[in-house]
Amino acid sequence: MVTFAILASVAVIGALGVVLLRQPIHAALSLVGTLLTLAVLFVTLQAHFLAAIQVIVYGGAIMVLFLFVIMLLNIEHQRKEVQPWLRWAAYGVGLVAATGLIVGAMLDPRQVPDHAVVRDTLQGGHPRLIAEVLYGEFMLAFQLVGVLLLTGMVGAVALVQRPRPQRTSAMIDERRKERASDALEAGGR
Amino acid sequence: MTGDPVSWAALAPFLALAGALVNGLFGARLREPLPGVIASAAVGAAFVLSLVAFATFGERDAGVGVRLWEFMPVAGLDLAVAFHLDQLSLLMMLIITGVGALIHVYSIGYMHGDDGYARYFSALNLFVAAMLVLVMADSYPLLFVGWEGVGVCSFLLIGFWYRQKQNPDAARKAFIVNRIGDAGFLVAMFLIYRTFGTLTISEVNAAVAGFAFGAAALTGIGVLLMVAAAGKSAQLPLHVWLPDAMAGPTPVSALIHAATMVTAGVYLIARSAPLFAASPDASAVVAWVGGITALAAAIVAFAQTDIKKILAYSTISQLGFMFVAVGVGAYWVGIFHVLTHACFKGLLFLTSGSVIHGLGGEQDVRRMGGLRRLMPVTALTALVGTLAIAGVPLLSGFFSKDAILLYTFSSTLLADHGSLVLYGLLLVTAFMTAAYMGRWYLLVFEGEPRLTAESRAKVHESPRVMTVPLVVLAALSVLIGYVGLPSFAFPNLIAPWLQTATASVPFDYPPVWAEWLLIGVAVLVAAGGLALAWWVYALQSGRPVTRFGSGRLAAFARNGLGFDALYRAAVVSPSEGTAAGLALLDRDVLDRGLAASVTTAGFLARAITLLQTGYVRNYALAMLAGAVILVLVVVIAGVRA
Amino acid sequence: MVGTEAYVALSAVLFTIGAVGVLTRRSAIMIFLCVELMLNAANLAIVAYAYQWAGTGLLTGISGQTAVFIILAVAAAEVAIGLGILVAIFRNRASTDVDALSEVRL
Amino acid sequence: MTAVTLVLLPLVVATVLLFARKTIVARAIALIGAIATFVTAVLLPGSDAVQVPWIPTFGAFIAFDPSHAGGVLALVASLVMVPTVLWASLRVESNTGRFLAALFAMWSGLMGLFLARDLVLFYVFWEATLLPSLVMLGGWGGPQRRQALLKYLLYAVAGSFAMLLTIAAIKPLAGAESYLFADLLAASVNLDVLTQTWLFAGFAIAFAVKLPMFPLHHWLIDFHEQNHPSGAADVAGTLYKVGGFGLFAWALPLLPEGARQAAPLLLALGAFTAVYAAIIATRANHLKRLLAYASLSHMGIVAVGLFGLHLAGLSGAMYLLAAQMVTTGGLFLISGMLHARRGSLDADSYGGIAASAPALAAVTLLVLFASIGVPGLANFPGEFLALLGAFQASTAAGVLAVLAVIAAGVYGVNLYQRLYQGPQPNPVADLRPLEVVVLAPIVAATLWLGLAPAAQLRVFEADAIITVERIEQAKDGVDVPLVAVGEVRR
Amino acid sequence: MIPADGFIVWSVLAPALTLLGFAGITLLLAVFQSDRGFIATVALTGVVSAGVFALNLLMQAQGGLAEAGFGLRYLADVPATAFTLVVLLGTALAILVAQGTLGRMGLDHPEYYPLVLLSATGAIVMVSAGDLITLLLGLEIMSLAVYALAAWRTEARQSQEAGLKYFLLGAFASALFIYGIALTYGAGGHFDYAMLMAAFTQPGFEAHVTALLGAVLIIAGLGFKAALVPFHQWAPDVYTGAPTPVTAFMAVVVKAAAFGALLRIASTVFASLEVGALGALLPGVLSVLIGATLIVGNFGALLQTGVKRMLAYSAVAHAGYLGLAVLAADQAGMAAAAFYVAAYTLMSIGAFAVLSALMDDDDGGDGIERFAGLARTRPWLAAGMAVSLLSLAGIPPLAGFVGKVLVIQAAIATGHAALAVLAIVTSVVAVVYYARVVVAMYVRDPSGAARTPERRTARPLGIALGIAVVGTIVLGLVPGLWYGLVDHGQNLLVFVSLR
């Protein structure tokens, strides 16, 4: 109970950090915190293998990629909010959404399962069990993941790895103007 | 077609139609007077057929039906192009083709040299065809074919000289007023169908017996038929077109607007006699409308100065007499007056035509006078006609008018509806008839000539082709009355003949001495009227002429008792206003309004596109909000359940 | 032991926070980060439910955990293409502010 | 097969015409095509019905039957199309071939629409006729044709989509086996009053738009005002004011209960339309506007005839529909001829021309009087019976509608007077031989329809009996087996 | 768990595998071969071969021999194969359109065709999926490729915007969808439809709320791809911003796939949820969404001056009409939708083909003025456009009309009369905006200012237009050709297996 409360609080605080922290780097790191907390929660739910994957894949690979891109794109400066009301609308809708989903969860009448039975069944999410499912009933899905990653790769490469078009001076001018107007807007507000 | 000579008469309208077609299609290429000859021959042949049928009809009880082809065999209606030839229709056919033939012949001379010579005869023939269909029809719808057909021909002929604006205007007025009556006819037919389930006249007449005396349905039908009859026969308040109709060539006025078409209303009521005989209320409407019309038209006739308009109002007045006759249930008398009136009024119109022809178009009686010496045949025949219409004894008008008075006096059908008052009304009218007709004759033919220089230069007696019909008609005007001598003392040929075809209504005949007394009264009235005219217009020659137009009453009368003004104010202007208003409403309000409602759709479209802000986060908000609403719906339903 | 509904409620909260983040952050990359948070919240729910279903003694719990595995892969693929698009655009615009992406509208 | 030929032949001609570049070639093709189609139409009465499965899973058939009301209308419409095609080939100068193609496409669509005995097929042709008329208006119309076109399109489509809804619903709701008329008729007894009323509303909207009926008539006015001044497109437009036919052939027999519920309102609207339009027509100055309002008035009378739900009225309404194709069509052709003479469609710019064009005046007078319901001519039997039927249902509506007869007299005579009578400022040419050829069928049909309506009326009545009997049953609340209804037909 | 015999059924996978194989081939060709036309042809060959396999499967399923692989997780029943065929048709036509325009527009990068084929593979997986995870993967495969394609013109602001918008919102929608999967799994304990149905209809089932929450979130996720209101707002912007050939592909293939999946879920999982006390909830929710979609799509299109954007809104509107079929998914709706989506594919591609032929190389110039007088200057293009637009408007006897009748009929048969009325009312609005273009082409005179480019229509484009127009007409006149094949939608394999 207490463990859950602490972990939940940490996860929520981390999540709030993602939303509220100004610096993208901070926000990303805050997300990493939440992800790690989630890994711990997975452990309490008899999903040890998943917890490991969570730390390795998310905390390790995906988030590092994010941080890399954040730093690459150098996206500190933010212009003034165009629609200030949107923030409060978002908070309102979010509050309602959370309430609704929580009430929905509470409406589920099922009993808490017997921990022993769960442990015997899941065996802590043993890789062997997962493998059996993955290569059994999820075999097609597993293959499709491959296709998916291929698609993602081809798509990303196609967009980024392009023979650069001949830049005309007009295009450069256009981009300059754009930047200038961006700066003006940022400064003016 | 059977071997029965009576049924051959069914060809009559087609002969006239053939004449109309020949003249209509090829007339323009025919040389004068060929179109006139063709037309006259067609009508003459029709007259011969009618005469043969009339002669061979014999003592039959029922009419001869001639069924040509199916017309509208729908919804239990057995409507065919079928003719019903009985005593009534045959008599009418004789009038139409007989008088018609004479007038056709007369027209050969009268229309000499006109551009529309062939067109004229084509229309005139077409009219005869339509009129024959009207009287021969065995069903109301077919009768209506003729009914509107004569209206159309009347329209064509009134507006015959269409290049002056007033002639087409008069034609239009005639057509529209007639259409009002026709609308009444239509509704009458609908009501007949609802009441009787048939529109065949004989079936309707037979079925009347199944209804209570004075049943409301019968009264309704009767009144509606009277509306129709009033339109066609120029009875109050739908009489306004007839005086204007004098814009047409004078033979047309004689044939259509005196002898035949305008009597169609009388014929209609006589045709539906059993129905009216069973409905005193409807009959009372007929008789009273007739009586009031007779008097009112007589008053107006006094004040007119146009040679034809006097006759036109006289016609309206005489038609009123006929309506009184059929109204009180004396159907044969009504038709008898149609017959005599066709002769003498036809004659009178033709004589006035002759005068106009002789004077080169002059129509104002103030610029006539003394024509007896210049146009002797015309004057003589006109005198015969005048005396006949005035009711001078032993001439045709005397017999028919006397019969009307007598039957009105002795009516039982209208005994509760003031038949005696009507009698008085008619007596007054008869007096006035004699007086204004005397005035007409005296102003035109007697006294000093007041002709304009132009007229004086042209004046001549009409050619033989015109005077012969005058003479024939004059003879008829004298003689035709003898078919209907007062039955209490003399053999009456026409009454039993017609009663089989119409209906017999009981009358409360007075004793013989009283009948003689009534005749005496009638004679006195006629004599008095003529004497008055003589006194005013012959003895004080010259002076009364200057009194034309003086006095408010005279002006009122000259303007037809203000009916035209009334219509303009109460009907024409409001309708025109309504039309203008509706046109405006339709175009500028309703159409625009619908357009505006389309604009509302535009607002919705604008609103939707405005939501499309382009901001990703707005879209995400919409998605999330949508999803949240769905979630809430589920959760709330779950909490409730 | 805490009930499954508590875990699910937690996942709901995280999910909502992620969604709110999508609405409030303006940098495309931060929005994407928030989407990752939402995916993780979903994962948490699945793992919690897997635990619940394991209570019936059947292997369905394992298939739930396996599904999480696959969803991780989905997230990875999305990251690949997403970052690809971001980079491609940033080359041209030098900005990841999504509010600047509002030219096509109405 | 005659029926199929009649539907396809004009379509083939239309297709060929699309490729005719030279005007003279187009004229020749059109002439031959018109004659061939008309001959086929003449062969139509008594020819066999056709019924071939079309979309089996859908329950739609290619079914044509010339022995019903539609057969008569198809014949009359063909009769009118012949002079229209001739006139158009003479008077439409730009892209003659295409215009004629549109006319022939319209012809084909009309034939299909009249002859179809399958509801889906009917609808397809219903919409198919829309396109050529749009093309004619859009391609050859007046300066404001775009607005007119969009308005017309909007009205037409709004109406036909409402019908589409009914069509989509009627089969599943009634549980019919197919969209064949006979199957729908047999199954529609399963529909309760409320459903019938709603379904009927769908039909009623569609047909009221095309009829048209107040207040859905505004498209008609603009449509005619903006169409090519030759009047050819107007004639075609007049031909397919087939809302009355749709009601008669489909809506009323299939949904008698619905019809009975809606009849009082529609009867009143019809009567109002008749009078309203006729009154406005008395004010109109533009020839085509006048004719538009006049024909709108006729359509009001058609409506009262139909919604009187009386045998006479139903048959009469159909007859009036057929007759007004000829008379209104003829008047539009005449207006085109007038325009050819003086280049104007304003009544004010004419006057007194009977003197110089007596034959034209005579034909105008004949057709005009036929149009305003003078007995002995085309419109009278239909008008009379329609009003008779309406009066049996409602005295008030009957009497109101009769007022339109008076107003018709007013505008008819006014029009004639303004065009042909009075002083003649400048003379015009009289009918040319080719114009005589164009008008001859119109005149012939005017007389034929006026004098010998019996055969056609019998056909209409045979169809109308179905409706009337079903309504009688509905009134009595008795379920009479429908076989009996079928046998009643003569 | 060792896969049993018959777990992997290769024949079922044939269309998808063929497509995937050809995606690989084209990818390799893209590296070595510079002739883009050749690559396109190879891609087309792949699509056609896949189509042959799919047609074979459809025939088989028609004969009652529907197959399934992976324990009902990948199906080849009538709806699946029918939608597969539609997807392939759309893909083929879109490839032709692309082949005819990409080179001219300077967008002929080598990865285009592989991505299209991959995307189509994902779409096929979506419509064939028998479980939520497979569905998710199909959806992602399809979407990722389309995200990239939408941003294809990386140097153009509009295209960038389209790609990023689509991607961000798509990811957001995916998150919703995945959360929905999580909840559904929570309620039913399974991911495959058959087992979920079994679980939901079990007597002791009590987690209704969880299941319904899962369902609505799945609706939200799929509704995004299908462009149902309020998840539609990306569609007008992305369709407008994406290069026109891509828009054509998106408009037809993505829509077909989304609806194929949505229909199957609606007819199985959702249908089984209708047993409980909250049974009427899902149809109610759906009908509100569909009603809103009809209104927004049609009215949104009303004021558009760009034809491309008008078509984008119209795509939203057509989602509404297809939605009518979803409501009747367990009855005639499936077949109706299969027909409608085929018709939609043809007429939509027809319109986009003409649009591509007319637009400038930089994807500009889709204003309605460009269509003024087109009937005179380019009669064939105008005729093709007119047929397509009139069909979209639902004018008989074109395919769109039959489709509309079918879906409306299905909706009425399931008691959604009010929605059917709304569909009709909004169709009237639709006629207005489609007609505006047709009127411009046929009534207005060619205006000098907005001249149409004087260029020949590329042959592949012409072929695509020809196929689309002929198909639209043929499907309208003889709808039985296609409807006869798909009208066995009620016999979903999942149902068969349960009984």
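By letter and in written order, the chains are A, B, C, D and E; residue numbering begins at 1 in each of them.
We adopt the following convention: a residue touches a chain if its C-beta (ideal position, glycine included) is under 8 Å from a C-beta of that chain, and two chains touch if they have at least 3 such contacts.
Model, not experiment: these values are computed from the prediction.
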{"item": "Other chains in touch with both subunit D and subunit E", "value": "B"}
{"item": "Most extensive contact between chains (C-beta pair count)", "value": "A-C"}
{"item": "Identity of the most central chain, Cα criterion", "value": "D"}
{"item": "Distance-maximising chain from subunit B - centres being C-alpha averages", "value": "A"}
{"item": "Approximate Å spacing (C-alpha centroids) for the pair subunit B, subunit D", "value": "36"}
{"item": "Subunit A and subunit E, separation of their C-alpha mean positions in angstrom", "value": "29"}
{"item": "Whole-Å separation of chain centres (CA-atom averages), subunit B against subunit C", "value": "95"}
{"item": "Between subunit D and subunit A, distance of the C-alpha-averaged centres to the nearest whole Å", "value": "68"}
{"item": "Interface hub residues of subunit B, defined as touching at least two other chains", "value": "609, 612, 614-618, 620-621, 624-625, 627, 631, 634-635, 638"}
{"item": "Residues of subunit A engaged with two or more neighbouring chains", "value": "82-83, 86, 89-90, 93-94, 97, 101, 104-105, 107-108, 110, 132-133, 137-138, 141, 145, 148, 151-152, 155-157, 159, 162"}
{"item": "For subunit E, residues contacting two or more additional chains", "value": "1, 133, 137, 140, 144, 147-148, 151, 154-155, 163-165, 168, 172, 176, 186, 209, 213, 236-237"}
{"item": "Those chain pairs that satisfy the touch definition", "value": "A-B, A-C, A-E, B-C, B-D, B-E, C-E, D-E"}
{"item": "Residues of subunit E touching subunit A in the complex", "value": "1-3, 7-8, 20, 27, 69-71, 73-74, 106, 109-112, 114-115, 118-119, 121-122, 125, 131, 133-134, 137-138, 140-141, 144-145, 147-149, 151-152, 154-155, 163, 186-187, 192, 206-207, 209-210, 213"}
{"item": "Contacting residues of subunit C [partner subunit E, same complex]", "value": "4, 8, 11, 15, 18-19, 22, 28, 31-32, 35, 38-39, 41-43, 45-46, 48-49, 52-53, 56, 58-60, 63-64, 67, 70-71, 74, 77-78, 81-82, 84-86, 88-89, 91-93, 98, 101-105"}
{"item": "Residues on subunit B engaged by subunit C in the complex (per definition of touch)", "value": "609-610, 612-617, 620-621, 624"}
{"item": "List of subunit C residues in touch with subunit A within their complex", "value": "1-10, 12-21, 23-27, 29-30, 32-34, 36-37, 40, 43-44, 47-48, 50-52, 54-59, 61-63, 65-70, 72-81, 83-88, 90, 92-97, 99-100"}
{"item": "In the complex, subunit A residues that touch subunit B", "value": "82-83, 86, 89-90, 93-94, 96-97, 100-101, 103-104, 107"}
